[in-house]
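You will see subunit A twice below: alongside subunit B first, and alongside subunit C after that.
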Partner chain A sequence: MSLLSLSDFRVSYGGIKAVKGVSLTVEYGEVIALIGSNGAGKTTLLKAICGLLKFEGNLKLDNNQIKNLRCDQLVKRGLSMVPEGRGIFGRLTVSENILMGAFLRKDKITVRRDISQVYEMFPRLAERRGQVAGTLSGGEQQMLAIGRALMGRPKLLLLDEPSMGLAPIMVEKIFEVIHQISISNVTILLVEQNAKLALEFASRAYVMESGSISLQGRSSELMKDSLVKQAYLGE
Partner chain B sequence: MINKVFYLEKFKSFQNPKIVWLGYSLVAITLAILPFIIEASIGRTWVRILDFALIYGMLALGLNIVVGFAGLLDLGYIAFYAVGAYTWALLASPQFGLHLPFWLIIPIGFVVAGFFGVLLGAPTLRLRGDYLAIVTLGFGEIVRIFLNNLDHPINITNGPVGINLIDPISVGGYALTRTQQIAGVNFSGAHIYYYLLLVLLLACIFVCIRLENSRLGRAWIAIREDETAAQAMGINTRNMKLLAFAMGASFGGVAGGVFASFQGFVSPESFILLESIMVLCMVVLGGMGNVWGVVLGTLLLAILPEILRDISSPIQESLLGGVWIDPESLRMVLFGLALILVMLVRPSGLWPSKKH
Partner chain C sequence: MLGSVYALVALGYTMVYGILGLINFAHGEVVMIGAMVVLTMIGFLSGFPAPLSNGAILLFAVITAILVCSMLAFLIERVAYRPLRNAPRLAPLITAIGMSILLQNIAMIIWGRQYKTFPDLFSTVSYSFGGANITNVQVFIIIISILIMSALLLTINFTRIGRAMRATAESPQIASLMGVNVNYIISLTFVLGAALAAVAGVLVFANYSVAHYSMGFMLGLKAFTAAVLGGIGNMAGAMLGGILLGLIESIGAGYISDFTGGFMGSHYQDVFAFLVLIGVLVLRPTGIMGERVADRT
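Let's turn to the complex of A and B:
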């Protein structure tokens, strides 16, 4: 039984088919990478999985068939997303942002414990907890977005381009954290343009090309694949 | 370091319950005797102006829920005021021969206006910013035009003529618009309504402050900041937006009802687009999202044009030796200038919300 499984998954914007029949599975505890070039449909796929776009086909979460659920209903079922471009609440403070991640939770004591865990994971955020989030650097905003998503206690964390627009040293830090999160028993589906980095961290990966999956397999094998090397690793 | 100590001292004085209570009672006494001071110093008409300022205050607080908290730009807000006013007018006037008591009409107005809020909200859920503004503007005009034309085939609203002889609020057979003698002091209708409106406004302020710091308020603010991210937090944005429209509209509905009962007369003319814009100006100028800022903005914008009306002729006479410009036009020019000036100097309002 897998945590997330898609089959014949299709998404279209009006008449344009952006995702054309994708099949994909994510097992419990895995880190899965979804790589591909610009415009391959990765973000669209992710948005449809978390209920922001309508889809056709099958989506099973935790062995339940999901159809026509809104984003907020999926959050209740253990799905958290870090949207592309982070989507932090710019005029709220860091601590207010983090608290917002626990919007659906009523267990105040454990929420408080989770908040201190997030601050432990990101000491930088603890230093700036009273600061307005819009004034944080790009990397700090990404940390905040991840920390906030963790406040929802997800079973499955969807990350959309966490490395986008960040300095290399920041990217490294973010991926270290992603690794930490995956050890703590959160399953991760990672969309990334930086294929090399994604393949290093993920156990398995899917390669997406113009709306469908062109390749899939263990990361270590994909890294050796000549096509992947040529098209995505620049070797 | 010195600054820090000073800050702590200042903070302590705010914490001291005695000083806090002294402050509250001073404010309460001032508010209680304000209409008498005003009547004695600048005349009875100013008590009426103050009453209207309080009504505008309720409107601005209602609009602040929609625009300030939830970030939904609404240019047709006055429609809900109209709905509230006409609800009162139809239920307590000779128009249909109905004369329901105020304690029944106020909740009815609240619900009817809230329903209209949802009616506007439902089709506009997917719209943002400018597009939402256009639709809400249209909605405001539709309501006004309906009121203007619903005199045939069946006469409901009396059309452009409006509805007259609307019942005032009356308690135990005493109409509150008549002068009443209480403990040897004469209270005119404007005075009594002042206290009534003050209580209503304070209730609105209380509700708004509680809302802002509630789960609901946080959900609205999240939607305002980033709707997609708000959804990803598990916020049901559809219901939250509808609720913002409904709550804002209900405030407008109650304000409209009280306005109708105070004025004794309603006509579609009172609910033109300019009124919507005026209320929006109060919210924006005062400080969107901050309840006290909105109250301040309302008081200024409701009273400033009246002051300008009084002084635009004398100033011309003393400066230019005669009235050269029509005082009514000059008043609006000065008013516009004042708005521009404030927005230039304080772009996020006179008393901005800390979350802006």
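Let's turn to the complex of A and C:
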């Protein structure tokens, strides 16, 4: 039994088919990478998984067939996404952003404990908790987006391009944190253009190409694959 | 006085605009219906076998008006705007104007074409200080408006649901990723705006003592002007804009005949609101407080 399984998963924008029959599974506790070039349909796939886009085909979350659920209903079932471009609320303060992540939770005491954990994980955010989030740097915004997503205590965390637009040192920091999250028993589906980073990080990976999965397997094996090397690792 | 009523109505415009980017032109009509419902309820309750005190009658009437207006706004959003949520912006705007005309006509059928007068539940007392005259009704209006606006501001800024409203205003998509039911928030926004509109309707009506099925149109336009003046989408701006517009109008109406040597009288009052609208749109389209917060993404 897997946490997430897709089969014959299709998404289209108007008449354009962006995702054409993808099958993919994520087991409990795994870190899975989804790599591929620009426009391969990775972000579209993630958006459809969390209910922001309509899809056809099968989606099973936690062994429940999901069909026509709104995004907020999926969040209730343990999904959390850090969207591409971070998607923080720029006019809300840092602490308000973090509270938004816990929007559905009623357990005030544990929420408070989780908030202090997020601040412990990202001391920079603690320093800026009263500041309007739009004034944070790109890296700080990414930290905030991740911290906010964790506040929902997700079973499955979807990360869309967490390295995008960040300085290398910041990327390293962010991935260090993602690693921490993964060993604390949160299952992660990571979408990345930076294939090298993603493959080093995930146990298994899928390669997406113009809307379908072209390759899949253990990261260590994919890293040795000549096609992957040529197309994504630049070797 | 007038300003605080404009502010209440402008808040309804600005809240809906902030979340949907839609100018709800039917909002003025909601104000009118609020006034009409109060009128009907007062008539109905006054004829009650067990006599009620005037205060109780007014209270019941206002509560009914708030409920009716809230339900009306809920329906307006469901029927007229939700199906067009993803349509080009012009479509819901036209629907809004259509809705406004529809509501006026419905009101005309129900309440007739004649001017309705407000029964005197309270005797009006006039105070004067520093050369200005103010009645007890006006003082009451100002106090009620301030109380309601403070309550609204506190809700929006310091509660969980208010936070969700602000988040939705910024990005409905991201808000839904946090588990916010965006449709619920949108309905709530319409309902809150309508509740304020109902109160505003009662207050206007109480001050002028007449109501007419077309009264919402001009009031709505002026409140919209107030919202634009303050910076549409900005709640504090709507309040400030409303109060400023009220002042500009009153002062303008008071002095216009002096300026024009008696050529134009105070019935040109309405001109000022629209002069302000044109002025703002030309000189500072974002309004007084409509500045964008620095956004580095």
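The working rule: the second predicted complex is superposed on the first by the 235 of 235 C-alpha atoms of A that agree within 3 Å, B and C clash if a C-alpha of one lies under 4 Å from a C-alpha of the other, contacts with A are read in each partner's own complex, and residues count from 1 in each chain.
Keep this in mind: contacts are C-beta pairs under 8 Å (C-beta built on N, C-alpha and C of every residue); 3 or more make two chains touch, one makes a residue touch a chain.
The structure displayed is predicted, hence computed values, not measured ones.
Q: According to the stated criteria, A:Ala198 is in contact with first (subunit B), second (subunit C), both, or neither; which is it?
A: After superposing on A, A:Ala198 lies clear of both subunit B and subunit C.
Q: Does subunit C touch more residues of subunit A than subunit B does, or is it the other way round?
A: Subunit A has more residues touched by C than by the other partner.
Q: Does the superposition put A:Val94 against subunit B (first), subunit C (second), both, or neither?
A: neither
Q: Contacts for A:Gly138 in the overlay, against subunit B (first) and subunit C (second): which applies, first, second, both or neither?
A: In the superposition, A:Gly138 contacts subunit C only.
Q: Touching A:Met81 in the superposition: subunit B (first), subunit C (second), both, neither?
A: After superposition on chain A, A:Met81 lies in contact with both partners, subunit B and subunit C.
Q: Please indicate which partner A:Arg70 is in contact with in the superposed arrangement: first for subunit B, second for subunit C, both, or neither.
A: both
Q: Quick check for you: in the superposed arrangement, does A:Gly152 touch first (subunit B), second (subunit C), both or neither?
A: It touches subunit B and subunit C both.
Q: In the superposed arrangement, which partner chain does A:Ala18 touch: subunit B (first), subunit C (second), both, or neither?
A: neither
Q: Jot down the residues of subunit A that show up as touching in both complexes, subunit B in one and subunit C in the other.
A: Shared contact residues on subunit A (touching subunit B in one complex, subunit C in the other): 50-52, 70-72, 75-76, 80-81, 83, 87-92, 96, 99-101, 103-104, 148, 152.
Q: Using the touch definition from the top, list the residues of subunit A that touch subunit C in their complex.
A: Touch residues, subunit A against subunit C: 50-52, 70-72, 75-76, 80-81, 83, 85-92, 96, 99-101, 103-104, 132, 134-138, 141, 148, 152.
Q: Which positions of subunit A touch subunit B when the two form their complex?
A: The touching residues are 50-52, 70-72, 75-76, 80-83, 87-92, 96, 99-101, 103-104, 148-149, 152.
Q: Looking at the complex, which residues from subunit C come into contact with subunit A?
A: My answer: residues 160, 163-164, 166-167, 170-171, 173-182, 293-297.
Q: What residues on subunit B touch subunit A, complex-wise?
A: Listed in rising order, the residues of subunit B that touch subunit A are 215, 218-219, 221-222, 225-226, 228-229, 231-238, 355-356.
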